[in-house]
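The data blocks that follow each hold one structure.
Consider the two complexes below, in which subunit A is the common component and subunit B and subunit C are the respective partners.
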Partner chain A sequence: MALQSLDIVRRSATTTPAPQARGAHSGQVAKLIDVTKCIGCKACQVACMEWNDLRDEVGHCSGHFDNPPDLGGQSWTIMKFAEHEHADGSLEWLIRKDGCMHCADPGCLKACPSPGAIVQYANGIVDFHEENCIGCGYCVTGCPFDVPRISKHDRKAYKCTLCSDRVAVGQEPACVKTCPTGAIVFGSKEDMHEHAAERIEDLKSRGYANAGLYDPAGVGGTHVMYVLHHADQPELYSGLPKNPVISPFVSLWKGAAKPLGLLAIAATAFAGFLHYIGIGPNRTDEHDEREAEREAQRLRAEEHP
Partner chain B sequence: MNREHDREIVRYRAPTRINHWIVAISFVLAALSGLALFHPALFPLASLFGGGPWTRILHPFIGVVMVVAFVLLAARMWRDNRIDARDRAWLRNVGDVIHNREENLPEVGRFNGGQKLLFWVLVTCVLVLLLSGLVIWRAYFSQWFPIGAIRLSAVAHALFGLILVCSIIVHIYAAIWVKGSLRAMTEGKVSYGWAWRHHRAWFREVVSARRRAD
Partner chain C sequence: MTNHWVDIRNADVVLIMGGNAAEAHPCGFKWVTEAKAHNKAKLIVVDPRFNRSASVADVYAPIRTGTDIVFLGGLINDLLASDRIQREYVVNYTDLSFIVKDEFAFKDGLFSGYNADKRNYSKSSWDYALGDDGFVRTDPTLADPRCVYQLLKQHYARYTIEMVERVCGTPKDKVRQIWDLIASTATPTRAMTIMYALGWTQHSIGSQMIRTGAMVQLLLGNIGIAGGGMNALRGHSNIQGLTDLGLMSNLLPGYLTLPNEAEQDLATYLTPRTQKPLRPKQMSYWQNYPKFFVSLMKSWFGDAATAENNWAFDYLPKLDKAYDMLQAYELMHQGKMTGYICQGFNPIAAAPNKAKLVESFSKLKFLVTMDPLATETSAFWQNHGVFHDVDTANIRTEVFRLPTTCFAEEEGAVVNSSRWLQWHWKGANPPGEARSDIWIMSALYLRLKALYAKEGGAFPDPIANLSWKYVHAAEPSAEELAKEYSGRALVDLYDPKDPTRLVRKAGEQLAGFAELRDDGSTASGCWIFCGAWGPSGNLMARRDNSDPTGVGNTVNWAWSWPANRRVLYNRASCDVTGKPFDPKRTLIAWNGKAWGGADIPDYGAALDPADGAGPFIMNPEGVARFFARGAMAEGPFPEHYEPFETPLAENPLNPGQAQALNNPAARVFKDDLPSFGKVDEFPHVATTYRLTEHFHYWTKHVRLNAITQPEQFVEIGAALADELGIANGSRVRVSSKRGVIEAVAMVTKRIKALTVDGRTVHQIGVPIHWGFLGAARPGYLANTLTPFVGDGNTNTPEFKSFLVKVERA
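So, the complex of A and B:
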């Protein structure tokens, strides 16, 4: 069992159970990002680069603080800075660390056509196994949060692993380890809920009446959660979706269409087989040849009387 | 000319036959590689193309070859595939078709109602597969389209691919069912009797030299 984790609860494009003898008996994990404590220092981006040995190309300033401007094969998490003007004219800087949400019901895994390219561990982490990735980009199509990116260099899909390698040996993710304000914390999902509840209570006492936890039910909850000052308007945070769900198109494509499609193909072929043995082939016989010859002679006689 | 040869009609000339088989071969390759990505049970088909990444790389290029060849073939065929009242009557009597009772059916021109229906189903499928395929061709085109269009295209590509595969199964079976048809597309010729039995109006036109054989 060397190099096997034996705790895979879901495996992409696989119709039988993956090895899952080992459970997450100490509880599923979660990362809680308290955006109200975030100062936008990007230490989490640096820690992610450092731990994962990633170095994105040095780009250009695109007129705002987002740098790099988008997630990518070499940037698995980025800070997104939104300047929000309230109705009373006051300005608020809403900074959100963007990256994989590690959905309990992952759209990427549902969409992936390659066996074992995406797995979900018992602890809740959704991980890409790039050696099995074929580069089709279906995970991008399936993700409700627009997170996975296909690398332009190797045509493999990449995203935040929630530092599955660190978590597997009892460490917290690199971004959590480095966050200087304690805005990112990591633990069991249950503990993170409790911690979030305390933070929300504190925020409410400070005037943020709509403070709340972002753990969207439409994707079964997520293993990366946010504490938001404006939980009633998650879109303010650089387009965090209010009710993320796997698109019905993706559900149809990767749900009913698959078995029904194979059934339709098999049924069509079988219908042909039944017709052949039940009714049989349609053969041209001697009678047809004689009639045809007679007709041909008649027609030629008409043409050349 | 011997008498045997004399009693044959050219149904498809060599350029048409070659064109047809380029479409056929590229369809089979596109279908096998597409099915590999459609259902996990069929993913092993990817081995035929050198594995998953090669299947992903090759499938759209094979599809483009198929579309180009199909357009050329359809351009040769479309005039003979316009559906008229006689074809609708033929299609209404599909029971007689299935039971090989052709004597009960209206006379058929170069193509029968079923073949014409298939032709237009194929035209529709190929068009939808081309457009949706470009949208989900991640390496070159997907970045130009919004995510909603990509998701719709993914499901449309799968559904019309399935319709195409099922339609071609019907097409292949028809060639097995109606003896002498396959030879028309391999050697190009059919017997007088075959033409008289299955495509009598076309037979009359060709024999009386009102239209050239093709």
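So, the complex of A and C:
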């Protein structure tokens, strides 16, 4: 998107080098979601809908508090509610705000075949530029957190932008601004680490021995992090992956396979060129045409005996 | 709230019971997270459901709905038995040492003086014993068997932890864990706050539940201190202002009360309300009642209120009985009330027993609704299929729907739960033909006045003589009305102690209610608001959040009634010499000459503590009451009575006493008796409540809210669902003696079956937000199910406990 003022450091399906004159001197940003302070009020969902002008369908109750029930083109963040009963019979209602994690090493961007449809800014935000999206859905496959969704309206991929438009002008994301309990905070990644450490100390003093920060290394860390009471079991929080990694197919395709693929394309082109130089362009004569016509009749007869 | 929202951050323990602050007050709940994050506070939630508040609690315990007095009465018993009370506080600042009349007794589940036919009490025995000097007799050693301490101990001796488990269904180990955590605040250096809301008020014994909570707080010395208090969380943004301004059928502004039928002259009315001290040297603030009352009458009737006509006392109606909403709909049902003006209220949804309400409203000749939204009440005559199946052709009521402005389309003060009057400014113009409530009521008034002037009438004086000196008679401005309720001098006011000193010039705004007089020289439309718009201007519009002492009081932010005081009873935060019990949470202190500090003293500003006046100056005895005297309908000590629809055959606290099964002093209309269900037919216990995603019946009209919670559901515990073969997400039918609803079943582990009195009791949850109008999917009004009975004192309907039957739809 030409109008953006943030510095793009990575761009999908693009081999030209990223601009490097500007540096991320103000550091990388992060949103910290403290699920232990979250009361599941959904104010963040509503703020997201309002800021981004999204309106999902008025759906149904499916026997859960989760509404809308899934992320979508019109729902870039949703609350997921999980009831977990411990062995001693005690119950926890684990509520997690789900949405894009803004990976340092984004699987969606790696998987995307469309130049400039997915970008990563110097501050760490991963953004979709839908005008370049071809709706192939590779980003959905590429995401280890199952976040992007193809919109039913325009067949393009959408997800949380971390309010890159707000952040670009020095404001916090809409969900952060609206959160009534301070469960969602925003700042430099470093400050969020410090804040999380303070929270984890408090949780440990309350008996949550495994309280910790969720900033998974498998995707290079994330710019949306969670404080969890049970950092040893992130899957309790409606299936937050324990060790998220980019799908090996995406890694293979855009990793080792990519130069090989490029090499194969180049080799084919080179062979064609040699053929042209050495033998000249391919031409058909009358014999070729007759042979082709016979072959076509044979195929038609096979299809309609 | 005795305290305020910000102050919750000073708490060491937060008890949420009879409310669900995270769910219903998410913005205010931030102060609980503050207390947890920065004051190492522990959060306790006691509720029938593991709710959103419980999801962030340190301890949660389930309880059977309607049994909170047993849980808290047991706690009182435990605190007394283990002597975990703040002794210095209770001995000096409560009535524990006071001697009670010999005639007072409690027997067979009833207090002395019960009249079974009238279902009420003669309360003459419910009082302290007075000495020959006219003051209450006391025994500071607390040994006298007739002192409040001994009677209290005796009353709650039946409330053992075993009884709690048996009646409430709360596991004993959880009860013990919670009681011990609460008891840890008996020391002066720790504080507990109690946050409650409709989960306590909407019971037939709701007022007494709240009182029991307050008694616990008194025993622990948690009233009047930072981080303590009894904190009622108000639901509607200005519902605090509604009660403050006396918009109840028995109230006048500032919690003055309307005269009753027996009080036909001013002296008879004023004498019992002008309370003389019951202890030597005590300050009794209600001694000023005539000043507040006369200033109110001057504000309303201006020059027409004179000493000669007793300040227009005859203009006031004299109550023959309570005219609460249940009474009003009962009168409609009997055909005795034929017109109704419904302002900012949706009773077809908000009052109990929808079937009866529809019958009642169908008997009206006219109904006027004033609301920004198309409420169910304004459309009660429309047929909406299964959700609202009425016979439109047979409803003769003429309905006038007057669209009003919404809060953001007008300016003025809104009073929040913290008692802060916060001025706000208009954000948008109203749509279409919407008019402010002030415009509509002014138009009605001016027409009535003109009609009386033209045609005369039986007693036109109150209408004809109402003071109406506004620049635009058709729509008084918010500023004019605010100045009026705050109050002004009508003549030059001189200092009574120094008649040469001019205190206020005629016409000047008053600084506070201490300047009010009973000689007709001052006017104030609501004495507790006096000073909100003072001589220096509109203090409600202040936005200075500086907090020099760090205790969070921000006394220059908006204006708090009374007198800009932020924590009520703050004198009780200091010992008898005036030294703060806990220097870390100092609110005020005595410096040898005067009281001062981070708050406005709730005491005489220069009253020497050595004089010994008690800190609870709104009581003529100067101390807080464990023994309520005649203030409550059911008795001076809270006693547990079962909800009117109970799964139990008898009250385990009063076995074999049929008269003590339900609240013996609650009003029950004869016609409603057959509409109460029994457990054999309706075996499941139900409670209603609110969800974060919606506000009452308003936000179902809003698409954003409808998206986040689109369709009606009921919450059913996994055990009951298994028993009845109900799958999560399937539809269920829930019926009570009064009606049937159908909704999606939300099968959850968060509601557990309880063992009560030896048998299994299943509770289900019925969120209230759906109806037959709006942007959300249509649903059934939850009051289809609820019983037409209210609290014994306030008649707030029993929305929280009733019996239903759950089936697969």
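Just so we're on the same page, the second predicted complex is superposed on the first by the 258 of 305 C-alpha atoms of A that agree within 3 Å, B and C clash if a C-alpha of one lies under 4 Å from a C-alpha of the other, contacts with A are read in each partner's own complex, and residues count from 1 in each chain.
Throughout what follows, contacts are C-beta pairs under 8 Å (C-beta built on N, C-alpha and C of every residue); 3 or more make two chains touch, one makes a residue touch a chain.
Quick caveat: nothing in here was measured; it's all calculated off a predicted structure.
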item: Subunit B versus subunit C as contact partner of A:57, first or second or both or neither; value: second
item: Which partner, subunit B or subunit C, touches more subunit A residues; value: B
item: Subunit B versus subunit C as contact partner of A:85, first or second or both or neither; value: second
item: Partner chain(s) touched by A:284 [first = subunit B, second = subunit C, both, neither]; value: first
item: Partner chain(s) touched by A:153 [first = subunit B, second = subunit C, both, neither]; value: neither
item: Contacts of A:14 with subunit B and subunit C, given as first, second, both or neither; value: first
item: Which of subunit B and subunit C A:68 touches, first, second, both or neither; value: second
item: Interfacial residue positions of subunit A with respect to subunit B in the complex; value: 13-15, 113-115, 132-138, 140-141, 146, 150, 155, 247, 249-250, 252-253, 257-258, 261-262, 264-265, 268-269, 272, 275-276, 279-286, 288-293, 295-296, 299-300, 302-303
item: For the subunit B and subunit A complex, residues of the former touching the latter; value: 7, 36-43, 46, 51-53, 55-56, 98-100, 102, 136, 138-139, 142, 147-148, 150-152, 154-155, 158-159, 162, 165-166, 169-170, 173, 176-180, 191-198, 203-204, 207-209
item: Subunit C - residues contacting subunit A, complex; value: 22-23, 26-27, 29-30, 33-34, 36-37, 40, 50, 52-56, 58, 60, 692-693, 703-713, 728-730, 744-750, 775-777
item: Touching residues (chain side subunit A, partner subunit C) in the complex; value: 36-43, 45-46, 49-50, 55-65, 67-68, 83, 85, 91-95, 180-183, 199, 202, 205-206
